[in-house]
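Structures incoming, each one as structure tokens.
Below are two complexes that have subunit A in common, paired first with subunit B and then with subunit C.
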Partner chain A sequence: MKTFWQHYGLRGIILFCAVLVGMPLVMMIGSVVATSPQDDEVWAHILAHALGDYMVTTLALAAGVGSLSAVMGVACAWLVSMYRFWGSSFFKVALLLPMAMPAYIVAFVYTDMLDHGGRVATWLNDSTGADAGAEVWFDVRTLPMAILVMALTLYPYVFALVRASLVEQSFCVWQAGRTLGCGAWRNFWLVGLPLLRPALVVAVVIVIMETLNDFGVVSAFSLPTLTSGIYHAWLNMNSLSVAVRLALLLLVLVLLILLVERWARGNRRYHAPSGSHRQMVAEHLKGARAVVSFCFCASLVVFGFVLPFVVLLWLAAHNQHQAFAEGFVGYGLNSLALSGSAAMGAVALGFMLAWAARPPSGWLFRSLMRLASIGYAIPGAVLAIALLLWLSAVDKAQNAGLSWLGWQGAHFLWVGSWAALVYGYVVRFLALPYGAVDSALSRVTPSMEHAARTLGASAWNVMRRIHLPMMRPSLMTAGLLVFVDSMKELPLTLLLRPFDSDTLSTWVWHYARDEAFAVSAPGALLIVCVGLLPVVWLSSMISGSTAKKSGWLTNKQTALRDTNAYAPA
Partner chain B sequence: MKNRLLFCVLAVMLVLPACDSVSQREPDSLVLYTTRQPFLLQGLIDAFTAEHGITVEVVYAKSGLLERLKIEGELTPADVVYMADYGELVLMAEAGLLKPVPEADSPWLASLPSRYRPDNMWFAVTKRVRAIFVHSKRTQGQNVAGYQDMTQPSLRGRVCMRSGLHPYNVGLLAAMTWHRGEAWTRTWLQAIKESLARRPQGNDRSQARAIYEGVCDVTIMNSYYLGKMLTSAEQDQRNWADALRMIIPEEDGGAYVSLSGTGMTRWTKKEEQARAFMAFLLSDEAQRWFMQTNIEYPIDATIELTGLLASWGRFAELPLDFVAVARLRPRMARLVDELRFDR
Partner chain C sequence: MPPLKMSDSPNTKGLTVRHISHSYGGEAKRPVLDAISFHVADGAIACLLGPSGCGKSTLLRMIAGLAMPQQGQVMIDGRKVTDAGQKHFIAPEDRHVGMMFQDYALFPHLNVYDNIAFGIDERMDKTWMHQAIRRLGLHAHVGAFPHTLSGGQQQRVALLRALARSPRVLLLDEPFSGLDADNRIRVREETIELLRERSMAVLMVTHDPEEAMFMADSILVMKQGQIIQSGSPTETWLGPANAFVTELFGPVNRFCAKVCEGVVDTPLGRFAAPPSINEGTEVDLLVRPDGIGIAESTQEDFAGVHGTVVAARLLGRVSHIKVDIGNDQLLHVRIAGVILPKIGTKVAVLVERCSAFIFPCQDKQACVSDRAETYQEGAASSKAMPFSLRKERNSPL
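Right after this comes the complex of A and B.
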């Protein structure tokens, strides 16, 4: 017999989460309807003079980063999985490292080095004896450079997913290809690529979504994208409403991409033909081929990770005193506490949500649950504006209520509080733990639960003693991911943080904008080091070919599948 | 056991941020919202507290204070605002977020010319010029006395600028438009665009660096940056500054100045203390502090210039209507877009 709690409590949880995630979006759409004539004037101006540039740059950036990282990721995944050459097993781990580098940090390192009068130019001038001014240097702040920088930090998504998919394939497939007369290249084009297609498409979609979300790189390169347009409309033109319209446009773009992904997937099925799974036997490369393969993989690792990391280390070592004087430790603690809270909150909420949704429920609740993971598809800047609108409405209602009750004490405002920022992170990253728990729960067979219940355990006991222990690895991975992603997060943090305080990411960003990146280098270094944790974790998972089953990759994929449900069919 | 400890640590982490937000303030203290930087303000605030026995809690922000005051409404804890750029003060006054200071209660107001205190809603504290900087050697023999001279054909391909959409540049364009009309400004900006050595990028300091590196020979920067670079701890920055010559454009009646300014919030319950703080910002002591620490011009013309400012000397200033200039800003931001200045 079902208790009252089972009937309504669980649905209450789902409803609560849906309100938490959904209300900001509702407010956002509402604010576009209510606009002033000034807003319309600004909008007309943006339409006439800026929107074209925003769209062209945004699309070019997304297409460029998507295709470049696809080429990089597939090529190196293919090389290290199918062949053996000097360093190939090292590259299996090392090629993932750039994932730990937030793109904006790499962007600052490269602009600092390559700019007019940057370290490289200065060194060249000194070593060639040319006097300052005689040396001509290329313009580093261009769209192609931005594409290169972002692709260097985002290709690991492609590498990881494609490699996991390659490891899963049976060796028989390649053998069959070779027996039928395919050379290495033909085997790649005719057999490999079609088989890798699902993993590749998902990875590229993730890369493009990360690109659209970016604000740090485009502002370092002063590129006119939709995200920079949002700030321009808000802070230069004093029109929050126009900023919201641009934000909605960005959201539409994301949904369109998800739609394309779904269309590309179609109804294809990729099944292994037989039950026999033979481990891959990697071919030994020699001579020029080995050298080329090594150089290709090495250049990705060097330019994506080693070089920026060494520069950061060097800068940090030279500027540690000033960094400590600037309150570096305080910002670090802020970041740790915030990301820790976000990870806890997101995991707790994601777990409750997925667990509460376990019994088959109606379409309404299923779609409410999917809503929970839409945050991942919303760019940070967009979500920040939506949250600002929603929280200020809550503040007003709350204070109206308090003064109606005659309460004149200290007022608490949600806007600009740490709690609001944690709320923002949870909404943005809820999809990660939700997806992890959802897929982990699907492996708990109903008979286990039934057996426990028959033996007299309450529903609560079943959760505590059966579900939780079985899901612990997935929960830990998801928590770690939310932790690292929150640490790196920039656009949402910039807009929602308490104004008198900084986190590591905003501190790094402010100094970098002031052409004094060196001062905040220790902060950047700390962000990178924390980011290394999940990378190491991930690499061990892929090699064990368990990535698909326990956590990380499934998280991002499930997040995608669920947000996908919102793409208009 | 280990798990429990971990759980406790995590639980504390979850609760900490929330506690921080509701931490109580001292009842007597003054709350200041500012876009100025800590290094510039903290010493002054300590001096103020020592003199008047009023503690000041400061919220340092980079942007968004206007939005925040609007959202907080009558619940705002802020008593005083001190903005690095007067533009936001004009918007605050228009949005009804500020309260005028009655002249009768504040004798210190009389010393300030009335255009520095529109309707007594806000008050200028310091001023600066958006000056022209040229490479001291490579532009010898070239006559660059004003903004118009920057567009001469011999300087084509030799001009650097930061983004046209930065508030400093938007403010300059607004002053130009107020003074010479929008048509003149549009022509000027177009001519500058055609003279650019590279796409507008970086901040004020990176323009100096570009001149030092030979990318270009002419740029526009705020006057105090020269002082800050000359006195910088970094050799690089001193090198950049040494390559520069500053020209304060006084053509056609004087230079365009920009202001930092302060005001009292509409909802403050500590009017008296707020007035004391604003009076302190205009005192000789504070004015000298700004002159020394940030190389900004004091608003009080009777104060003797010292240090670098003394060596640069006084200049003729165009009597701008600051409120009217600030209202032109959104239009100027649009002009920058229309001419595709940053592209």
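Right after this comes the complex of A and C.
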């Protein structure tokens, strides 16, 4: 019954995707072997003077951001889900808002404001009329500040996943804990935290991945991490080989974290027993407790979103003319076109991949599938280096082939092209549409497919009339996520963008690095505003997750899986 | 057992299945279907009756063209649609079959009307469909989405969807299993009415014998991939082919005994053994609980089997009475009406001969095992007393 297409075409798609993702990594590992004496010299230098710093700072940053955002996220998720206090329902949405803020933009805002000679210091000096401000002023470009800034923008991952997991648990579990003699506090430690552990582990790993991926924040705070080391080696020392070695180190670190995650999560998955599922009845908080809860949640929202957003608005309003003069519109269009193509490409490829994987095939193809969706776990800088190696090899092979065919003049290059950048985005974000499509496909039961066949639809028509319409919401959502993530993406873009061209994110980064962040503030504002779209949608989905468990509306639940797609498989 | 309505003429209208065999697994092959053959005439309703896992649904999927058998042929109106031998296979969409799934498989993204009209071409005549929608009371819901409908309404939508294309063969996979008891009776009547007015062969899969009796013109009883009996509901009820078929229609009182001089001597009395059973064979006597009557009596005026009532319960239209007939044996009796003798009442037991069946004991183990503990373990008699049973099966009647 299986046609030729089903046998080979679908597997071909899987193989194609795996090559697309896997080859750059293979090239990277292969290229370590081939080095020049010059590279070895640079490497020896870095080994002696910088690598220790890189490792310590990277690990400290990851540990700090991971634990701080875990504390922030779990605390506020617990507060708004279990209790009612003034503003608690507002916070259910508002606490997600910092997700829209790329960490590097928040970092630029705070460094711009709080640095020596920054806006606040200047204002203090002006208002006191003396240098008093400058004397008591603290150094903002430190590791703890970087940890704080990153945790403020990354805790929403923890908040979202933990809260979704809290909402899914039956309220009776908490009530049972209370009747068995646990006070609110003991209940949290003995019942709540163990139940939330799987969600928490996933969320913290996502946060740490984002931290390792980051380049904007560490460059704003001038911290020596592995990521900044990669840039330093490639852009300043011109040694791709050294960049590759650092990238490999970072990759090993990522793999270690993934292993730890697997170990920590084990096979744990807690399902609320089916049947009676009682909605959470929040307890009313009064007095000092309510005030403390309110202040805690409010401070996260204010420092993570409101304050930077207002500053951005203010800066953008004051610098719009300069921004437009500096080519804001052009960069915006670049970003739009790139992110749009990446979204379409990733959704198309993710759809084909999930479709191809539907009849579960052997272990080889299963592991190839894994490989194809691993991009999200690879830090942008590592991926960029890998792609550089791979694409230059492709360029060489292609031009050799063309000249063999007698086409001397036509040398077109993949390295440094817009296409390469789109390729990078697609590889990095393929896991999002793949996960979304995969879960959407699972809602099309085999009997629906069979019913359609007996009703006269051919295999192709079944896909057109059943699968596609049923998956449309998930596809749109995944596309939106890829679009927004590509728009925000900095480290990959910086390394892969065509020479002398910019996107919004790299433009913002350039000006921020040159201490002229204000000029590019409209660009940063635009990135934040686009980033708000999926956040609004995400918030509506979490609170609706138990309300509409059945039927067509379950695709809201896919959103949860989509957030899980952030987690490596 | 050869099927009753097997037809060899290739031009016969309706559904013909020939020698379909299929097995799963590589080396240690487990047959799922074993040389299945039958014919369902145009306009007839046939029921595949059997316990779950006997291969009914697999067979249905093969007829629909959703799976390919390893051996055998399927013909619809004389046209070969599957021939495993010649690798001939017509895609499900080109077979003119309609199939209704156990979970209904309604498309969640389409409303009721679009679901029903899914298989219909723009050019096709929709008059019947519109009438049927109205008749089944779905016209108020045509714009609604499946998940907002009740179970009965979903069932109707699924049925209409399968019927709307005027299929030549309609396959129903446990069509009523998702409904509660009240709904089931009503929907069944509607369904049979609807099926009768469309000319096509209907094959329905069920594990509910009452449903099969209600719906079918002929019943095909399946066990472990084989059709072990086929015939009209009356034939099947009155002449079950073996103990399995008898028990499929409901729990029975079972007694083990040996044929001795053409007679089976059981605690329920002496029964003439069928001529096909040899002398000395161990046999099962199966008696349906509704084939037993009781009458209050004293020891003297009745020569047959006597017993003592140990429990009596009213189940609505019937009364369920447990009678101790001595030797530690309980007899389950069902009698229409309110008949509730006092516990301890002495009764005479009368067995309706047409409700008692004698088959060679297939499960020797069960026959010689010491004691029946559960329903599944079957009847038991002690080795020392092969003719007189200590306890009839402990059935949860």
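Brief remarks on what is shown
Heads up, the rule we're going with is that the second predicted complex is superposed on the first by the 530 of 569 C-alpha atoms of A that agree within 3 Å, B and C clash if a C-alpha of one lies under 4 Å from a C-alpha of the other, contacts with A are read in each partner's own complex, and residues count from 1 in each chain.
In this section, a residue touches a chain if its C-beta (ideal position, glycine included) is under 8 Å from a C-beta of that chain, and two chains touch if they have at least 3 such contacts.
Remember, predicted model here, so these are calculated numbers, not experimental data.
In the overlay built on the shared chain, the residue A:510 is in contact with subunit B alone; subunit C does not reach it. Of the two partner chains, neither subunit B nor subunit C is touched by A:84. By the touch criterion defined above, A:262 lies against neither subunit B nor subunit C after alignment on the C-alpha atoms of chain A. Look at A:236: by the touch rule set out above, it reaches subunit B but stays clear of subunit C.
By the document's definition of touching, neither partner reaches A:197: not subunit B, not subunit C. More residues of subunit A are touched by B (comparison of subunit B with subunit C). In the superposed pair of complexes, A:340 makes contact with subunit B only, with no contact to subunit C. Shared-chain residue A:416: touches subunit B; no touch with subunit C.
Within the superposed three-chain model, A:454 lies in touch with subunit C and out of touch with subunit B [touch as defined at top]. Against subunit B, in their complex, subunit A makes its touches with residues 42, 45-46, 48-50, 53, 115-117, 121, 132-135, 137, 139, 141, 222, 224, 232, 235-238, 240, 336-338, 340-341, 344-345, 388, 392, 395-396, 399, 410-413, 415-419, 421-422, 495, 498-500, 510, 513-515. Against subunit A, the residues of subunit C that register as touching in their complex are 61, 64-68, 89, 91-95, 97-99, 101-103, 105-110, 118-119, 145-148, 161-162, 165, 167, 171. Subunit A contributes residues 1, 443, 445, 447-448, 450-458, 461, 465-466, 469-470, 550-553 to its touches with subunit C in the complex. Partner subunit A is touched in their complex by these residues of subunit B: 10-11, 13-14, 16-18, 20-22, 24-25, 33, 58-65, 67-68, 71-73, 75, 91, 138, 163, 165, 167, 170, 198-203, 205-206, 209-210, 212-215, 329-330, 333-334, 337-338, 340, 342-343.
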